[in-house]
Structures are given as C-alpha cells and as structure tokens.
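Two complexes follow with subunit A in common, the first pairing it with subunit B and the second with subunit C.
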Partner chain A sequence: MTRSVRTTRTKAAAALAAAAITALTFAGCSAGAAPAAEAPAGSPADLDAALEEGGDLTYWTWTPSGEAQADAFMEEYPNVTVDVVNAGTATDEYTKLQNAIKAGSGAPDVAQIEYYALQQFVLSDSLLDLSGYGLGDLEDQYTPSTWSAVTADDAVYGLPQDSGPMVLLYNKEIFDEHDLEVPATWDDYVAAGEKLHAADPEKYITTDAGDPGFAQPLIWQAGGRPYQTDGTNVTVDLQDEGTKLWADTWNQLLEPGLLADIPTWSDDWWKALSDGTVATIVTGAWMPGILEGSVPDGAGKWRVAPLPSYDGSATTAENGGSAQSVIKQSKNPALAAAFLRWLNSSEESVDVFLDNGGFPATTAHLTSPEFLAEEPEYFGGQKINEVLVDASENVAPGWQYLPFQVYANSVFPDTVGAAYTDKSDLNAGLQAWQEQVVTYGSSQGFSVNE
Partner chain B sequence: MSTGLRTINVKARTGTARTGGARRPFSVTRPRKSVAMTLLMVLFLVYALVPIIWLVVNATKTQGDLFSTFGLSFGHSFALWDNVVATLTHDDGIFLRWLGNTLLYVVVGAGGATFLATLAGYGLAKFRFPGRGAYFAVVLGAVAVPGTALAVPTFLLFSQIGLTNTPWSIIIPSLISPFGLYLIWVYTIDSVPTELLEAARLDGAGEMRTFFTISIRLLAPGIVTVALFSVVATWNNYFLPLIMLTDPDWYPLTVGLNQWSAQAAGVAAEPIFNLVVTGSLITIVPIVVIFLLLQRFWQSGLSAGSVKQ
Partner chain C sequence: MTTTPYAARTGHQEAGGATAAPAITIRRRKADWTGWLFTWPFALVFVLVFITPLLYALWLSLFQNQLVGGNSFVGLANYVTAFQDPSFWDGFGRVFGFLLIQVPIMLLLAMVAALAIDSARLYATGLFRVVIFLPYAVPAVVAVLMWGFLYSDNFGLTASINDWLGGTVLQPFARRWITASIGNIVTWEYVGYNMVIFYSALKTIPTELYEAAEIDGARGWQVVRAIKLPAIRGAIVIATIFSIIGSFQLFNEPNVLQPLANNVITSSFTPNMYAYNLSFAGQQYNYSATVAIIMGVITAVIAYVVQMRGSRKEDR
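Up next, the complex of A and B:
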C-alpha cells in the first residue's frame, strides 16, 4: 500500500518534471550569456512612485497567510489591487510557472519559489534582478543563509519569506515511556532508535521513505557540499566526505529497518504523527507551527531539541523555506518590487505571517524578546523559539543547490529511493543519482564535472 | 422491435429443447447456475463497493478520527454534517465555485459534444458525399488516440492564441467526441430507416425539419447514451484542466480537490483530508444519480449494432 502510493507520486512528479524540462532545455543552452551581462533596471525612487500611482498585480503563493497579507497591503496602499492566486503547491506551481514563462504570457508579477528551486528560475532568466531598486540594501534584515539563497554575486532575485533551520522534534511521552535520552549526537540517535524499536516493534525513531528535501539538508549538516555551480560549470560529487558521512550514519538506521517506511506528508505520515508511531521528526523550524495547527492529538506531547550532531557542535542546516520573486514577464516591475519589499520586510506583513504559524527569516523578529519568550502550551510551555532561533544562528555556510534541482529531486525516488526500498547501502543509491544528474545536466548544455 | 424478435427466438429454442428430453433446458432468460461465477461476481462487487463504503464512512469523521481510527469503521464522532458545511464554506466557498465550473464544463462541453456528435454521426450515416470515407477513417483513428496524449500539444496551441487559463480551454477540447460520433453513426444505421426519410422528403419536409422532428426522436436512446459518456468524461476530466488552468477560480472539482490534497505537504502544510474526503463524496453523488436514472439507455446504447436484424 505504502509503496504503491509512493510509486504513483514518483510518476506524477516525473510527469510534472517532464513538462518543466521542455522549458529548461532552452534555458540551459543560453545560460552563459543571458543574466549577468545586463545592468539591473530601475531606481529606489521608482518603488514609492509606483505605490503612489497604483495598478494591478497578480501574486502566486500557497502560503496560508498570503491572502491576509495582500489584504493588509491593499488597505495601506488603496491604489494597488493584488490578486492572490494559489496556483498549486511547490512543484505544481513551478510547472505552471515554467509553462507560462515558456508560453510568453500568463505568469504572475510576483511568485513564491522555494530556495532550492530559485536557481533554476534565475538560470532560465525568468526573475528580475531587484538590486536596481535598492532591495540589496535590505541584506542586514535577513539571516545570512536565507540571504545567500536569494542572491548571486550582486544580483538580488527575491526576498526571503521564511527559513527552516533544522531541529529535532521529539514526542516526550514516548521518550519517557521507553526511558530514552534526548540524543545529542547521531550515534545517540541511532542507539535510541535501536532501543525503541527493540522495546516496541510497532514504534520507530522516525519516518523516512526517501525524500530529497530531507536528505540534502542532512548532507549539508554533515559537511557535504555535493553541488558547486559557476555559471554553466557544474560540479556534482555525491560521494564527498560529508555526503558519505551522512549516508554511513543513516545506513545504520535504514538497513536494520529502524526507519518507518512512510512517505513524508502522506496521510499515513500525518496519522503516524498523531498516534505515536514515530518518536521524533527531523525537520525545519517551521514544523512546530504545522504540528500545533494540524495534529491536535499531539498537544502537550511534543518538545523541540537541537538537531543531533556528528561531533557535539551546534552546526545545523536549512530545510525548506521560500522566497518571493518578481517575474520578468511583469508589466509593472516597479510596483511588483514595491509590493515584494512590503511583503517580506515590513513589520505589518511579517506579523500577519507569524500569526499564521510561520517561521521568519528576518533577524529583527528572530531576536525580539517577545518572540523568544513565547511558551506555547502545545509544547508543554517550552520556550521553543529559543531552540529554533539558536538553530538559525548555527546554519553551516557554503551550501549551493543545482541549477536544475527540481529535476534532480524528481529522480531521487528512482535512484536513492531504490536503496530505501531494498533497505540497502545509501551510497550505491547516491551514485546512481549522481549518474542521472550528470547525464541530465550535460544534456542541458552544462559542462558537468564529477 | 428488437426485444420482440429476441423473445420469439428464445421461445423457439426452449421449444426444441423441451421435445429433446426430460432435463430442464437452460436459456438466456433462465441461465444455468454456477457457483464459481457467482463467487467471481461477489468478488467484483466487493472490489467495486469497498472504496465507496470507505468514502462514505470516512466522510463522517473529523480529521483527528481519520488519523486515529480504522478506515472501514466509524470514528468516535459523527461529523458528516460538519464536514459538508466546512467543505462548502472553506476558503470562501471555493468548492461551490468549482462545482459551478464543473457544471458549466459539463453542460456546455458535454452538451455541445453530444449535439455535434449527433449531427455528424447522422450526416455520415445517411448522406453520400465526396471524402466521406476519408473523413470516417480519420474519426475512427481519432477514437484510438487518448485525450491525455493530446493535452500537451493542445496546451501549446492554446497558449499561442491566448486561450489558456480561460474556460474555453476546457470547453473547446471537450466538444469533440469521436467515440460519440461513431456510436451515433452505428445507431442511425440501425434505427433510422432510409425509407422513412424518403417518405418525409416526398411529403416536402426539408432535411433540417426531417432531422429535428423525425430522426432525432428515433435517435433518442443513442443520444442519451452519448450524452452519458460525455457527461461522465467531462465530469471526471482531470489532466487537461490541470495543465490549462492556473487560476483556481476556474478549476473543476477534480483539480480543486487535488489542490486541497496537495496542501498537506511542505513548509506551509495545512492538511484538510476530512474536506478532501467529504468533497470527493459530494463530487460523485451527482454522477451516480445521473447514471442510475439513465442506465437503461446506457445498456441499450452499448449493445447497439451488436445483433444483426
């Protein structure tokens, strides 16, 4: 049952990716020449003038607070009308965005794009460089890891909406019942997994059926830097030291069957979080808000801890998170940029976002005493934001995604996923993944080194 | 007419069998009982009904119960009504908008498809004109091409003329039903005697009048069958609207429900599985009702042309 669900999803993802590929084929070939050369348009004064003059904007997002934020914006700037459209979640939206960009019309003015997918749109020259409008000056407002995700050299391709420094959520009820210690290192974590599953074969330390959005941040934390991009020169090494470190560690959980084979975000997964099948979630700082909002049965049981490490350090990585960008097709780029500036840097907007349980990327909010002092009852009154913010300050630098990461992620289930299915060596799966990624990159006009 | 003929045949056959011996004969109307076949049918029945039972049972659960109770038994609370209300009002009642869109696509798309298929099928069956054979071959060939395969070319075509993300991008492709055309063609040959048309012509009726006052009545069962096929196909249409539409305000129910389901994933995850389940139940009710009311036409349509008379 579980497996068939995953296969269907894989196929759906592959189909979606295939639709996006057509758009990208063109992009890859022209990658070298396009983005860097031209000077960014506009000036900071344009933004206020545009807000004054007003106009219509279309904004694609799947953020639950999107509508409320736009309403607050229109109240402040009555001359502007923002049409909020939920064009799909994540890859669903990217496919539509790629199609609209390729078709030459139908793209929104502003769109939500996850950090991992942003480079892909930068490379196809679809996003507007906002540095001309002076948005580069906002750098100090954001955490370094999110800022580096939206910039390339001096160009600014979006403003960060949220961040996802990785932490460990654990079910204290299960931990107490089975006398488990909160793991400080991955070795402790593996030991806790063994102990729990031995005591109760129905229970697992965590779920993982193979998810690139989960594996890559952990590789990042382990010190792996498998992707390096410089223009059209791409280096892929999914067997570098850090990547191997993660794979060897995770093998100790995967091979003996200590991981529940439940795909993340499936109904089974939500069920497992509810009924106490899983003891921990290795996830981004945005997860507590979701847990509180959507898993009422977990009230009072869950706690937040720093991510286990390899060497006792506090090093962590980013998992997920999105930016908003101005699409080049926009007929009113100054107004779009002005809306974006308000959306992701104004107090009013970020407050609405936080009220909906989001986790910010803005340092002012991350360090505000009020935010840090929150003691949500759901987490037993723990000051969870202290742990989360601490994680945001310990994100390891230097990570890059591939300029065709959406495709790469879509073939993860066929390659690394096979190792998950067979409960066999992840390194073999990573090598298979590497092969596909390199072949694809080369076929798209990148010069790919291994 | 056809049933009359068949009854006579059956009688004749039982008659001869009776003279043959003491054993009770078997016939189409009194078939031999078979345990194996009955078991097989029971299996099919279970296979077909279990998902529907699951849907009905789970539409009564809260999201908490969905996660914590067994799939084929009821939950701790009976929340069907709450779920229906929540489904209809979630996100400013977007579900009703999707229902309206689906109805629009069905009425205009499937209705138009039925009308065009009837005109064309009838014309091909009853009129001789140059290129008729070639035309018919193309139509027959088109029956074999699944709509899904044409979705991407259609998208590129429509985006060039600026029709994507409009209701037209769903309605126009739905208007074409090669299979419906073929069915009407077969049905016309069977049930509209050329002699009748000649009589009408002799009495001075124009072709249009003949068609709308005489032929269309004779074709009624065939038309209802084609309409049923088109309605079901348009109601369940998924892939085409998925790639054509970006604005949820134009989504049909199928794509809308999928969007609700996809909402359970990612950074801003907001699972509403109880609404997805209840929404699915509401979505299939109209189609089940239509099917039950019109199934006798469906059956007669399926067997059209299968017996030479």
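Up next, the complex of A and C:
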C-alpha cells in the first residue's frame, strides 16, 4: 500500500521538479537577454562599407510610405534586403517591441517610434546610440524641436521622420454659413464654439472625448511643462501654471457641452468630419494629408489656419510625429544605421515620404520653394504648407515627456477621461492623473517629486 | 490535482485487502509504468503548455522588475499589494455583479430555447436551432465591432432609434449602461452555445420515460419539471461553470469596445483587462502575473463550489 502511494508521490514530485527546472530555464532566458552591446565606435565610412557589403534588415513601421521607401532603397543598394513589417500602429507596435526586447530576440533592426515614447525605450537601454556612427552631424538637417526629441545629452537615439506642429483645420463652409471669424485666440475660439452650437445644436466647434496625445501638446502650447526628468529624478506637476491655463480654457468648452463627445479616429469621428457636424480640428501638420485621403466629401471645404493662442502670438507645439531608431538587438547595427541615415536624411527617401502626404522634419524640405508653393485643390487652392511651415518655426521650446509616457497615456482615460465623461472640471481629472503617474513612477524605482 | 486523491483511494482499497503479497505489488507497479508510458506524449505537452506557464507565472509573481533598479525578489509583497488594490477589487466587483445578473438571464433564455425546440410543437426546429446558434459562430471580435456600431449614439442604430423616439433615450456607452450593454452582447453570443448543451442533454433522455409519463397522465409542464429538468441537471451545472469562468475572464468585449467608450471602460474595467494593461502598457509583468493568479484561484474555488453543490443534488 504505502509503496504504491509513495511512488505516485515521488512521480508527482519528480514531475514538479522537472517543471520547475523548465520554468527556471525560461526565467533564465529572459534574465540573460538583458546585456546589450556597447555603443558602437565607427564613422560614416563604416556605414558606406556596410551598404556595400549588404545584408538583411527588418524594419517595423506603420508609415504609409514605408514600403515604397524601402523599395527605393533596395533599388539604390541592391545588396541589401529590407523586410518592411507593419507591426501595428503606435502602442500596438510598442507592446510588440517591448516584448521582443524583453524576450531577447525577434525585434526588428529599425523601428518607428513616436517622440513621446522614445524616452521609454532609451531608458530600457533598447536603442543604439547613433552618435557613434557620426550621425550627430546631421543635426542641422532637422528642426530644433524634432532633433531635441531624439537626443539626450550627446547621444542620438533616432532620426526624425516627420513632425506635427499644431495648426487649426477649419471647415470654411460652416464658418461662412454661420458667419464665424477664424479665431486668433482661444477666447475667440470659445466664443465661436458658443455661437455655432447656439445657432445649430447639432454642430460643434470640435470633437474631444479625452485624448492624451491631444491634451499634452495643448498644455505645451499654453506654457505648461508638467514633466521634468533628470536621470531617474522625475518631477510631475500637472497643476503648473500653463497646465491650469489650458484646463481652465478647455473647461469653458467642455462643461457647457460645446465639445462633441466623439473619440478621435473612430468611425463616428470620420463621419462627423465629412458631414459637417464638426467645424474645426485642432491637430498636427500631418493631418491635412490624412484628411484629404480619408474624407473625400470634404474637398474644397477645409482650410488651414495657425493654432489659436492665448495672447495672439504664433506660439504652437508639436503634436505627434515619429522617429526611426536602431534597436540594440540588431545583428548588423552598421547596416541598420546606414539604412536609417538614408531613410530619414536622403533626398530620394524624403521625396517618397512627401509624395505620400507626409509632413517632413527636415528643414531643407520645409523651406524649399516648391514645397511652400503647393496649392492643393482639396484645400481650395490655399498654400497650406506656408501655414504649416510657419507653425513648425514657432514650436515652443523646453517640453519633455515622461520616461514612462506610454503607461501614463494609458491611464489618462481612467482619470482625466472621467472629467470628460462627467463634463466636469479638468483640473480634478489632472490631479487624479498626477496621483496615478506618481505612484507608478515611484513603484518603478524613480524618485518622483522628491 | 485529481491524481493524489485517486491514488489515496486505491491505497485504501489495498489496505482493505490486508496482507498484499509482494509479487502482486511488483506486478501492479509494472502495470503502472506501462500506463505512464502511454501517456507521455500527452504528459509532455501538458507539462510544457499548461503546467510550465502556470509555474512560470507563480515564479514571476514573487519578483518585482523595476524600470530603474532591475529585478528583485519580493516574496508575497505583490499579493499584499493586490489585496489592497482598489482598481483590482473594483474590476472584480464588476465581473461578479455581471456574473450574478447576466449568467442567469442567459442560461434561462438558453433553457427556454432548448425546451421549445425539444417540445416538438415548433415547425422548422432545425432552422431555429441554427439561427439561435449562429451568433456563436461569429468571431467575438467581429461581433463586438458590429455591436459597437449598433450602439453608437452618434450615427449608429442607437442614434436612429433616439431620433425616432426624440431625445437621448438609449445611451449604451454611458457609464451606468456600459456593463448592461456588454451583458447584452455576451448573452447574444452565448445563448445558442448553451442552448446546444441543454438540447443535446435533452436528446439523451430515453423515450421510455416519456411513454411512462404519458401512461401516468403527465403532460406539458409536468413532463418538463419531473423528467426533463432533473435529467439535464448535469448539463446545467456544466453550463453554469463555463459561464462563471467566462464572466470572470471577461476581456474581449470590453477591450474591443474601449476605443468607442474610451473613458467609461477603464484600464482596470475587468480583472483580465487590468492584468493585460499592467503588463503591456505598464510593463508590470510581475504584478500582472499576481493579479492573474489571484483571479485564477478565485475562479477555481467558485467553480469547484458550484460543481460540489450541483453534484450533491444529483446524488440526492
């Protein structure tokens, strides 16, 4: 009797031990994945040599022109094969990228990362410092705000692909019909919102269901600098003067119900843009291209204006925009860096990008007479690039994102979002958000507000 | 889990047999080994895809990996945090309430549908069966996207109904309706599935019982109450357990609806969504594993209690 029981137990114990060993091995894998290569020492000449030698690269992007740019690259450098993968847009891609980095394999050589998320990958030591290949010399090619977004001290963690200086898109048809002036200040904007909604309760000055990618640039424009990061010391103040200024202004639209409660990028949103429910879009300079492609019914109706400001000045901020970075996991970092250099600084590549409606980060393109003279029919022949480029020159300096911004943005709907749903004071929502952000930062080992 | 009590029982039987000769024991042991040999392909896969991830999650839950400071062993600290975490219990309360209200409604509807089809008083029962089952064949994500469109109070069906009725009568995405809206989707998806479980159990009832009932003069509801319901009690217990597990694991529906009801469906709306967001948005893999384990244990305990109660009734 006892023997039989004991054997079963022994077997069970053995199975358990075997499983535990397997588990340990797995744990070992992920722990062993962390060590990363040293920052490479090299020169632009090394990159040219790598291009000559050739090899295979994987490139993750959701840029519409990604495939076309890679094709143009392979035509120029036939020894190199670039596999373009759309691993999802923004957060979806970051999730996959984080997993691949943590797993120690499966990450691409080059990946698209938005400016706001870049610091997070820098922090986890996942990105290659490109200054080793002399790519720091490319600084002059880019606008100051995009360059500062990809650099930390002397390190260069990516090259800017595009930029999104904020502007105001407005539906001229609605503005004319309701005798509205293009607002120069936010006070004008609020007044226009009141007038429009009073005249036609079905119409709204804009949509905003709560979106951190939208609120933060507006805080930036209002002079708010809620995040300061110095190494592992982080300061968060979502009630600083500028942040409050934005919240108090936006409250005037939110609380009386002047904002349409339609989430950005939803089907409803596209419909609202095309059927005249919404009179303006506060957005980045990349939006005109998307609008033209996605809302054909809006042809001839939309115009571009500078973003309203608080004091009538031209100050604006960056909304979105991405860089491409070389992931440290890359087996051929020199080739990856060479591809990246071509991708975001060569004439051939940026031309393909622009043909697909992108808005550049390179000053040469931003100031080229040809670019500025474009008069798209969709926008009634307006020289929209003049307005957009003007905005790119008036981006307020000094903004920093959190080193864990992807997480912070993910809890924005839980906190500030509640204020949006209840049409109540945004400041209360911002305070709740601050609390969550501080708790998370502290639990992750940062010194937050200490 | 079931091997130990079984082995113990076998042990008792042998003890009842008093002095077992050694030769017999050896023969038994040989038989044991042969049995195990046959199971190794299964056992290998089972350990690899089932036991290993469980143990790995358990292992993960004992550590804390910080963005600054790296990995460190923290013992049961994650469990202490989870038990005091309002976000977790808020989500738990929501799925528990969901379970108490949605599951009975769904099972009752499924039961009525199964009895109706089994009653032989309907024409085209095959058609009814397929139509009611059809939603289950639609992939959950597609179904939820479709419902999300119907629910939209700006342009969807809801908007049209609101226009027709005047005002904003229906607000499926409002904070106080969102759980009911999700319950409606889940009910729509799974009534057919549960109906099939009930219906197939009804089909296994021997016709002699009905004949005997008819001779005894039982009709209509009496047959349902005295024969059909007792006979499918096992199926009801199974369907209930599946539904309990499904409720506690609620994820697809709220997660797909989230972009449409952004601020209402929070990142900790259900425990599974919380675990998902902890690990994928917050990189808190360790804490996420802790939440998943606690939820798994609670689900197992409740499912076990239901099973015990269900089978005890069967014994009676």
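Remarks
To be clear about the criterion, the second predicted complex is superposed on the first by the 409 of 450 C-alpha atoms of A that agree within 3 Å, B and C clash if a C-alpha of one lies under 4 Å from a C-alpha of the other, contacts with A are read in each partner's own complex, and residues count from 1 in each chain.
Methods note: a residue touches a chain if its C-beta (ideal position, glycine included) is under 8 Å from a C-beta of that chain, and two chains touch if they have at least 3 such contacts.
This structure is a prediction, so every number in the text was calculated from the model and none was measured.
In the superposition on chain A, A:G88 makes contact with subunit B only, not with subunit C. Once chain A of one complex is fitted onto chain A of the other, the partner contacts of A:K271 extend to both subunit B and subunit C. When the shared chain is aligned, subunit C comes close enough to touch A:T232, but subunit B does not. In the superposition on chain A, A:N427 makes contact with neither subunit B nor subunit C. When the shared chain is aligned, subunit B comes close enough to touch A:A103, but subunit C does not.
When the two complexes are overlaid on their common chain A, residue A:T316 makes contact with neither subunit B nor subunit C. In the superposition on chain A, contact of A:D162 is made with subunit B only, not with subunit C.
Of the two partner chains placed by the overlay, only subunit C lies in contact with A:S443; subunit B stays clear of it. One of subunit B and subunit C touches more residues of subunit A, and that partner is C. Once both structures are placed on chain A, subunit A residues 19, 265, 267, 271 are touched by subunit B and, in the other complex, by subunit C. Within the complex formed with subunit C, the residues of subunit A that make contact are 1-5, 7-9, 11-12, 15, 18-20, 22-24, 26-27, 31, 91, 95, 98, 102, 123-124, 209-210, 232, 260, 262-263, 265-268, 271-272, 277, 403-404, 406-407, 410-411, 413-414, 417-418, 420-421, 440, 443-446. Contacts from subunit C toward subunit A in the complex involve residues 3-4, 7-8, 10-11, 14-15, 20, 25, 28-29, 32, 36, 43, 47-48, 51-52, 55-56, 59-60, 66-69, 71, 149, 152, 154-156, 175, 259-260, 262-264, 266-268, 277, 280-285. Put simply, subunit B touches subunit A in their complex at residues 63-64, 66-68, 152, 155-156, 159-160, 162, 164-165, 243, 246-248, 259, 262-271, 273. The touching residues of subunit A, when paired with subunit B in their complex, are 19, 60, 62-64, 85-90, 92, 96, 99-100, 103-106, 114, 162, 164, 264-265, 267, 270-271, 273-275, 284, 286, 290, 293-297, 320-322, 358.
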